[in-house]
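Consider the two complexes below, in which chain A is the common component and chain B and chain C are the respective partners.
Our next item is the complex of A and B:
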């Protein structure tokens, strides 16, 4: 069996054995499923509020939820992919490359006629399979819950949109897993290896969007991307920070795919940006020199 | 000098030499300053738009002058408080974890345990050391952000504003000590060091990001961009009357929110800084009357966290640790 397949299988086996990884996986799957229920309960309440307001003669405005798509209930899954999924991917990525350095098994593996790039791509493929399985499980259960809420199975078009959202989530999570792998390869200490990608994640998720849109950090926890403040400074800065804000690009593309009426336009530019990040990160990780993979930790 | 203070001093010395700590604090400071700068820029943009609108009205011969946007300087600190709430808590966990992990990694744990120190001296010293560190960090951040309001925000501050900022700083310090102590306790309890860090981060994720996010998501007014009631043209008084019929749902929503210590920190800080309109320009005494419950719960949570850290960081737990 070649290096690629062995590494991929080994990575999946390690993830299966890692109990802390399980904790994150359970939290992620649980929250993605819970998001549909939360969305439904809230929607029911808001509909009740609207009916009460109309009954009291306080408004003539149409129900803002008229014509809402069945996928409305999955919108919160976007934020859980971004919050829990990204951190889970980082932890898995860090552990995959740090493990060999920590236990000095990298020396043993690389003493064999093993191509270092094939080894890293194999590890990445293993992580990719794990993340794909997690996303598939959570979105499948979510599909069932949304179908129950709507009292009918979701149609092909909506199912296709959920699959597209799953694929996009996989692209984002793989990018963060690669960031974790890179940190695991380059850091001198385990704490730094875990912390640096978390800091980068927080800068990308909170600081960058705030600079460009004036959105407050907590408001960035909404599933809908922040709307830019317009005029002077913000017009210029958002043009620069917009493409760098991977998480906002993910929110934008996901909202369009899931037919969130708050976001309009084409998802294509955001998807291309996400794919570009994935490609760049893959090249950077795979190009890691052999001696870097063998370097020990300073602790 | 007792052994608790000696260990606290060692923590201070270690952290002063730790580059990672320096990077984290600089990152937090930069993010906080950016938030003040962005809030000030946002206000200026709003003011420019207002001035342009007034000019256009005047050019069209209208005598009506709409109310100008008002700048409340302390509201520029909202983003900074939110950064402390999210990133500050994360960095506090990292410092708490690091203070236990470094002894194992450096091989100094056995040396430390071979000395004649009391049962609680090591954890109490570590918590005390981190409490002093956070006091210094919060003091620095307070000075920086106050200067940023004056210089970047170009907003004057009164004596009462400084008092409000100092109260918010005290609340932030208590909150950060809570997270550092929690991380010390969790790391001490974990068999494997990295598990301690990851479990602490999962707790952070749940209490700082997920629970408040669920609360926000369930808020009926957050369901429509611009607000549900604004979209339906409902007046505030009518809104409250309608919501009274959904008190059960709102109770559950609020219950979920306040199960997170982060919400207590946020509500307290926003109240004293006047970020929430309800408390803006309200005398401190009246804010306290309304918010003392949150102050008590935050203090109690921190005390519980410190007790947990000191209680579980025992010789036995420290010695069975593997890296």
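Our next item is the complex of A and C:
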């Protein structure tokens, strides 16, 4: 069995046994499922009140949920992927590379007939499989709940959109997992290995969009991208910070895929930016020198 | 002509401006148990790191099992086993899962049979499904030996193998080292600063001081060359003081 496959399987096994990873996985899956349940409960509550109001003759307006697309109920999943999913991916990424430096097993591994790039790609593939499984489970349950709300199984088109959203989520989470791996390889201390990618994530998710849009921080927790302010400064700055804000690009592409009426246009530019980030991060991590993989921690 | 397992010529290694190994020329014959002695910081671990291809030398050359550590590093890695100092393993995985991982990295495609054999050699039978988190320090060192010999290497490198072990653990490990050498013909290169262990285990020794090799010979010849001294410890300190003066 080659280094790539051995490393991928080993990564999956380690992640399956790690307690922190378990906790984050449970929280993430729970939140994504909760987003569908919240949508369903909202629908039931609002429709119940609406029917009572109609029965009392107090309104002739249509039910606010009439005409809402079935995928409306999954829109909050966008923000959970962005918040909890990204943090989970960072933790898994940091653990995967820091583990061998911390326990000196890197020396054992690198004294074997092992190509260091194949080892890192294998670890990345293992993480990719874990993240794919988590996203698949979350969105499968989400599909079931949305089908229950609609009292009919979702059609092929909507199912395809959920799958596309899952793939896009995977691309985003892999980018953050790579950021975690890079930090695990480069940091001198365990604490900074976790802290640095969290700071970068918060800057990308909250600071960059604010600079370009003047959005309030709380509005950045919406599943749709912040609307750019217009004017000389904002036009220039948002043109620069927009492509850098990978999280806003994810929100934009996801909203279009999930047919959120608040966002229009093509998802293609945002998807290409996300793929470019993934490719660049992969190259940076895989090009890590052997000596860096085995460097000890200053603890 | 001796069949050499390890040979270095003018081997040097610098970390920035600090010279860790200074023109080391060393020969270890196949089938020997070689002990490299020296104080902390003498360059013992750097020597092992270069010979196991974990570090590239700054100057000079080294061959292990007939392969150059720089030109043919992969061939060297296939021929050696290595146990670093204070290594830990994956505590959440079982003994079998840990060993399977290292066996597969070493290129064994169906490793379970070989792992079973190695576990029998090291008295681990019946503990395959136990997680390593429950193992003592001594047991972990033996797991370290197990992972190092899975692929039947011709040369085994051990960096301070008895470090942190209790007397029982030291004795068990010593017996294992002697057995691997006598029964399986492995050449063993061992870093240590425990002179009593060298006397009981090694067939030849080298003494490193400040990155320079100040003495190399068989243990028997070394003891014979210093008739006035009654222990390796006294010889070691005499050689050290000669170099200082």
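Note that the second predicted complex is superposed on the first by the 275 of 299 C-alpha atoms of A that agree within 3 Å, B and C clash if a C-alpha of one lies under 4 Å from a C-alpha of the other, contacts with A are read in each partner's own complex, and residues count from 1 in each chain.
Methods note: a contact is a pair of C-beta atoms (placed from the backbone, for glycine too) under 8 Å apart; a residue touches a chain by one contact, two chains touch by 3 or more.
Predicted model, so just to flag it, every value in this text is computed and none were measured.
J.: Once chain A of both complexes is superposed, is A:157 in touch with chain B (first), chain C (second), both, or neither?
T.: After superposition on chain A, A:157 lies in contact with neither partner.
J.: Kindly classify A:6 by the partners it touches after superposition: chain B alone (first), chain C alone (second), both, or neither?
T.: The second partner, chain C, only.
J.: After superposition on the shared chain, which partner residues are touched by A:240: those of chain B (first), chain C (second), both, or neither?
T.: neither
J.: Figure out whether A:112 sits in contact with chain B (first) or chain C (second), or with both, or with neither.
T.: A:112 sits against chain C, while chain B stays out of touch.
J.: Taking the superposition as given, does A:272 touch the first partner, chain B, the second, chain C, both, or neither?
T.: It touches nothing on chain B or chain C.
J.: Between chain B (first) and chain C (second), which, if any, makes contact with A:206: first, second, both or neither?
T.: The answer is first: A:206 touches chain B but not chain C.
J.: Check whether A:280 is in contact with chain B, with chain C, with both or with neither, and answer first, second, both or neither.
T.: The answer is neither, since A:280 touches no partner chain.
J.: Does the superposition put A:64 against chain B (first), chain C (second), both, or neither?
T.: first
J.: Chain B or chain C: which reaches more residues on chain A?
T.: It is B that touches the greater number of chain A residues.
J.: Would you tell me the residues on chain A in contact with chain B in one complex that are also in contact with chain C in the other?
T.: Residues common to the chain A contacts of chain C and of chain B are 102, listed in rising order.
J.: Can you check the complex and tell me which residues of chain B touch chain A?
T.: 20, 23-24, 27, 31, 34-35, 38-39, 41-42, 44-45, 48-49, 78-79, 82-83, 85-87, 90, 94, 97-98, 101-102, 105-106, 193-195, 197-199, 201-202, 205-206, 209-210, 212-214, 216-218, 220, 222-225, 228, 231-234, 238, 242-243, 245-246, 249, 266, 323
J.: Spell out the residues on chain A that touch chain C in their complex, using ranges where they run on.
T.: Residues 1, 3, 6, 10, 13-14, 17-18, 99, 102-105, 107-114, 290-291, 294 of chain A touch chain C in their complex.
J.: Over in the complex, which chain A residues touch chain B? Could you list them?
T.: 19-20, 23-24, 27, 31, 38-39, 41-43, 45-46, 48-50, 52-53, 56, 58-59, 61, 64-65, 76, 79-80, 83-84, 87, 91, 95, 102, 189-192, 194-195, 198-199, 202-203, 206-207, 210-211, 214, 216-218, 221-222, 224, 229-234, 262, 299
J.: Write out the stretch or stretches of chain C touching chain A in their complex.
T.: Those residues of chain C that touch chain A are 52-55, 74, 77-78, 80, 82, 84, 86-90, 92-93, 97, 101-102, 104-107, 109, 147.
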